[in-house]
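One chain, chain A, appears in both complexes that follow, with chain B as partner in the first and chain C in the second.
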Partner chain A sequence: MKVLAVIADLLREAAARRWFLALAIALTALLLLLLTSLRLEVVDGALAATRLFGEPMFHDIRPADVALRPVFQVASQVVFWGGLLFGVLACADFGPALLSPGRIEFLMALPVRRWELLLGTFLGVLVLAVGGALYAAGGLVLVLGGKTGVWTGWPLLSALLAALSFGAVYAAMLAMALWVRSAALSAATGMVVVGLGLLATHRRTLMAAMENGPGRALFAAVTALVPPLGRMAQVAGALASSAPLAPGSLLRLLLGTLAFTAAVLAVAGYRFERKDF
Partner chain B sequence: MRRRWPWLVAAALLLGLAAWLLWTPDTLAPPRRPQVELPRHLRPAEVQRMQARLTPVPGLDAGPAAVGVERQDPLLAALSVGGGSSAVVLEVNALRYSPLGELLLQCLVAREGRENALESLRKAGIDPLQDVDRVGVTQNGVVVSGDFRKTQWEALLGDATPQAYGDRGTITQVAPRGEGGTTLYVTRWGNSLLHLGTSPDDARAVIDGLESRGPKNKPILTPEQTYGEMYGVISGSDLVQALGQSDGWGKALSDAASSVELHLDARHDVGMVADVSGDDAAKVTDLGKSLGGALAVGRLQARAEGDAETAELLDYARVVPGRDGKLSLELALPLEVVAKRLAFCRNPPDAGR
Partner chain C sequence: MPAALEVTDLHKRFRSPLGRVEAVALDGVDLEVPAGEAFGLIGPNGAGKTTFIKCLLAICAPDAGTVSLLGGPPERAASRARVGYLPERLALPGAWTPRAFLASVARLKGIPPDPSALESLLDRVGLAEATGRRIRGFSKGMRQRLGLAAALVGSPELLVLDEPTDGVDPLGRVEIRNLLAAELARGATLFINSHLLSETERLCTRIGILDRGKLVRSGPLELLTRVERRWRVAFAEGAPSAELVALGFEPDGPGGWLLVAPDAPALNAALDRARAAGALVVALERASKDLEEVLAEAVEPAR
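For the complex of A and B:
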């Protein structure tokens, strides 16, 4: 319950920020634009014609769900990478704000354990990420589903995957904020983790191009630990477009990302427990 | 003082677990696409095949100015005789060595019996599986090309006397075998072309056409259209006749199409491209929508019947709308589906009794 209270506190703080208000307005405007300007003609389940702003768009006539796959795939990538970058920038200040003089002392005086504060902050940000991703993906599913009759839940699952990936990035950002109370450094850490995640995606190719030595060993060690965010994005795209996944591999990827997130949060917990306020 | 080392131990263990879990070779399953190349143009082997089939037009290749000698594909020339507007050609030799050909052969053997059909022809010196190259069908008869040098025509056509016609042709009138039958006119041109028809005028016109006598026929199919294991052009009027009083996409097709050019690749799975042309662009547009709908319904049916492979392959089926009253239908079917459809004819008629 105390964790829930911390989450609610963080959400209240987020609601007061313009970043999230702007995101909500932008997403809503985009969805309304699609809703009013896109006309899709479906004949016996096939997407036969499309008009955007009244202009016909020429495309192959295919089953509507097949025709929408690329749309959902692109949308999933926008949600994944756009959400990741927006989250890094917009959430960088939550950790430092938690530790700001006055507020942290006040929180410490409450009957809340330190790990509950840490977990509540992390989960609060995760709720924001999940909410944003689900709002974007769910809105698109509703708009396109209403126009074509194609109802699919895969884009929502893809959005959850994007939020989970952001969770791994935010865990590192939060841990850094516990060492150095700086929003800029927290954001920079997020960007570094995103970069490392991209490198981890192409780990084998890059290692094959490297010569043996300490640099290669260090690269191998670091990229083995970081979730391969590029692969996560591919999986999110594949999920959104109903493409097949290798059996069992998605579960390992998810559990691996969760384990990384938990490990970084444990490091953050170590730091938080020994910090004097 | 609080113990803090468990946090670090937990972090180390979790990082190890993460490294182990994230070591996954591939997350995405390899894409399953039909093993079919949709026939859209002549492939290199087909260009060679097409060029090998072109022979100088008799009567036009003489003389010193032989530069730019006119050449023709005799089978295509024979198909164009009679002013027809539809012709379909089966590349028998290519089909024979394809999985689809095997299935069709099994059908033929099961229904006719090897002794009745294939062996009879073999006894007459024609091995349909070796000697026949192509079979073309038009409204005016059937044209067969191949190597008929070893054919014993007497054994095949009985004691009917062939009449010589033109430079290289003979026409044999074969009387009907039963009452109410039709007289068959078997036209041979050299040892490589055979025309089977029911009209003596058509028989003579075929040889005239091949030897460039009389008015030049407008080709139904050009050599550049001879790609795929089956190809052809079907006119709108013939489509109406073939499809009859059908509903749905069949009716839309016969209403809108003035001609359909068809190409089929059967080297493994079956791929088909049908280019539809129509005089009324709006009707062709509606046809595209009907065909797209039929594909979507077919895919849903396959999924409902648990045929995931067909449903997946129908994902790749599409209607490509063109401009000026044209559209293209592209479709791939797995061999297993075709085999299932042909199962009825591969089983002997008395099977199960």
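For the complex of A and C:
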């Protein structure tokens, strides 16, 4: 399938970029640092002491799985927001690079359909996001699991949620690149979607503070369309720390994010099919 | 012979975002290129040549008219699978090796990459020594050769080449010309857009001249360059120049003469008179113009 070939090419291109090499080195160094410098003393299933670089971090004795919850929660937030911001900056150029003169003409003359190019680029970036998030979360699970004996798969699911959220942001970035071929504008679009996603999380509170009128209506309309990324981050944190979720909340969030992503990609595809190069 | 390319009444206008027509790139172009022939498209800058090529390959959608690419619409991926294309300025992935790039092209063409076939392709375009090097270190000529290799992946039936020898040194141009001649001998159809008229003249059997979106001349090279009623005659050394001039011959380079004769009896009568004056005919051919003159003649009247 041609989409797989486009994905493979994008991953090969990403492997040659310094951004991704730097991310892989930084994540590996961080995990190695935790592996070598974090000492967790577990006695009868309870965390008796935590030392980082030899300095005690907590003094109270708690069950190991409960004691690790805040660690996983913080780690999930770092993966979510750090991954989102890194992804916006590092992936901003993939769309414009695909559409660069001399490359897009060559690709279009090949027996590849336009939607295959678009979908392949989107999925390639999503594979990168999932890979990065799983590497970070999986490494943390392995380090902490190995040291404490507490093994949990929830941080991995939380990382997938972060990657899915980035997918929604990247769909908007890719769509923008089809209107204006600019990496800077693509990155700016990503930042705007992240910002709107944060506002969408608190839309009811914010709307309560607004006067009725066109401004409020516009705010309501825009924030109703954008996935509430702040809420997604909260759910990701709750998942990572094995905290209970309100029934149906995760499903609603997932469906909403997927619908936003699919709609934006459909608009991008419509534009791509009709664009002259 | 079936046509490899058939274009009927092709129109393309470029508009501003507000819909105002900014440029008429193609204005009713009709063209047919028979399979197995080498066709050269020439014309001044801005004539619409690249837009025409883009319409042939569905990179650009025409406003009106039809395009048939190897018997099918260019929008159909199966039609494009039988075409090799070299764009004017091919952007190549700098971090890749040429081998990896060609393997990617093969995959996108739906052909399982065969390392030995790709190596032999790189050898054919003169890049055998550079297969393991990163593309970012390539010269312009090497990039052009790699682009040509990419166009040749899968032995396409039709090669559409936009400035194939751009940036290539003179010896490299000869190699590329030989390679394209071999493709022609294999049965491929060549569609070449080049500013190098001498290259086009050497390789192509049919020519089209595009000017301001219109195909102002099209046909076999021989017919386009032929000068009616003019003949080039070569006489053996020692021919009496003064008598030849008196008989209506005009000097045309060392040992060469030009003669205007409306038909065969007039031509033979003039030659008989020259021979009677002591000149010995060693060669006779119809006088022809070079492509530069043909282009200038075709384009100038409209300007």
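Quick note on the criterion: the second predicted complex is superposed on the first by the 277 of 277 C-alpha atoms of A that agree within 3 Å, B and C clash if a C-alpha of one lies under 4 Å from a C-alpha of the other, contacts with A are read in each partner's own complex, and residues count from 1 in each chain.
Simple rule for what comes next: contacts are C-beta pairs under 8 Å (C-beta built on N, C-alpha and C of every residue); 3 or more make two chains touch, one makes a residue touch a chain.
Keep in mind that this is a model prediction, so the values were computed, not measured.
When both complexes are superposed on chain A, chain B and chain C sit side by side without a clash.
More chain A residues lie in contact with B than with the other chain of the pair chain B and chain C. In the superposition on chain A, A:Ala243 contacts chain B only, with no contact to chain C.
In the superposed model, A:Ala262 makes contact with chain B only, not with chain C.
Of the two partner chains placed by the overlay, only chain C lies in contact with A:Lys2; chain B stays clear of it.
Shared-chain residue A:Arg274: touches chain B and chain C both.
Applying the stated contact rule after C-alpha superposition, one finds that A:Gly102 touches chain C and leaves chain B untouched. Of the two partner chains, chain B is the only one touched by A:Arg62; chain C is not. By the touch criterion defined above, A:Ala224 reaches chain B but does not reach chain C. In the superposition on chain A, contact is made by A:Glu13 with chain C only, not with chain B. Taking every C-alpha atom of chain B against every C-alpha atom of chain C, the smallest gap after superposition is 8 Å. In the superposition on chain A, the residues of chain A touched by chain B in one structure and by chain C in the other are 274.
Looking at the complex, you find that chain C touches chain A at residues 54, 57-61, 77-78, 80-81, 83, 85, 87-91, 93, 95-96, 100, 104-105, 107-110, 147, 150, 160.
In the complex of the two chains, the chain A residues touching chain C come out as 2, 5-6, 8-9, 12-13, 16, 100-113, 274, 276-277. Those residues of chain A whose C-beta lies close enough to touch chain B in the complex are 41, 43-49, 58, 60-64, 66, 200, 224-225, 227-228, 231, 234-235, 238, 243-247, 249-250, 252-253, 255-257, 259-260, 262-264, 266-267, 269-270, 273-274. Residue ranges on chain B touching chain A, taken from their complex, read 2, 4, 7-8, 10-15, 17-29, 31-32, 288-297, 299-300, 314-315, 317-321.
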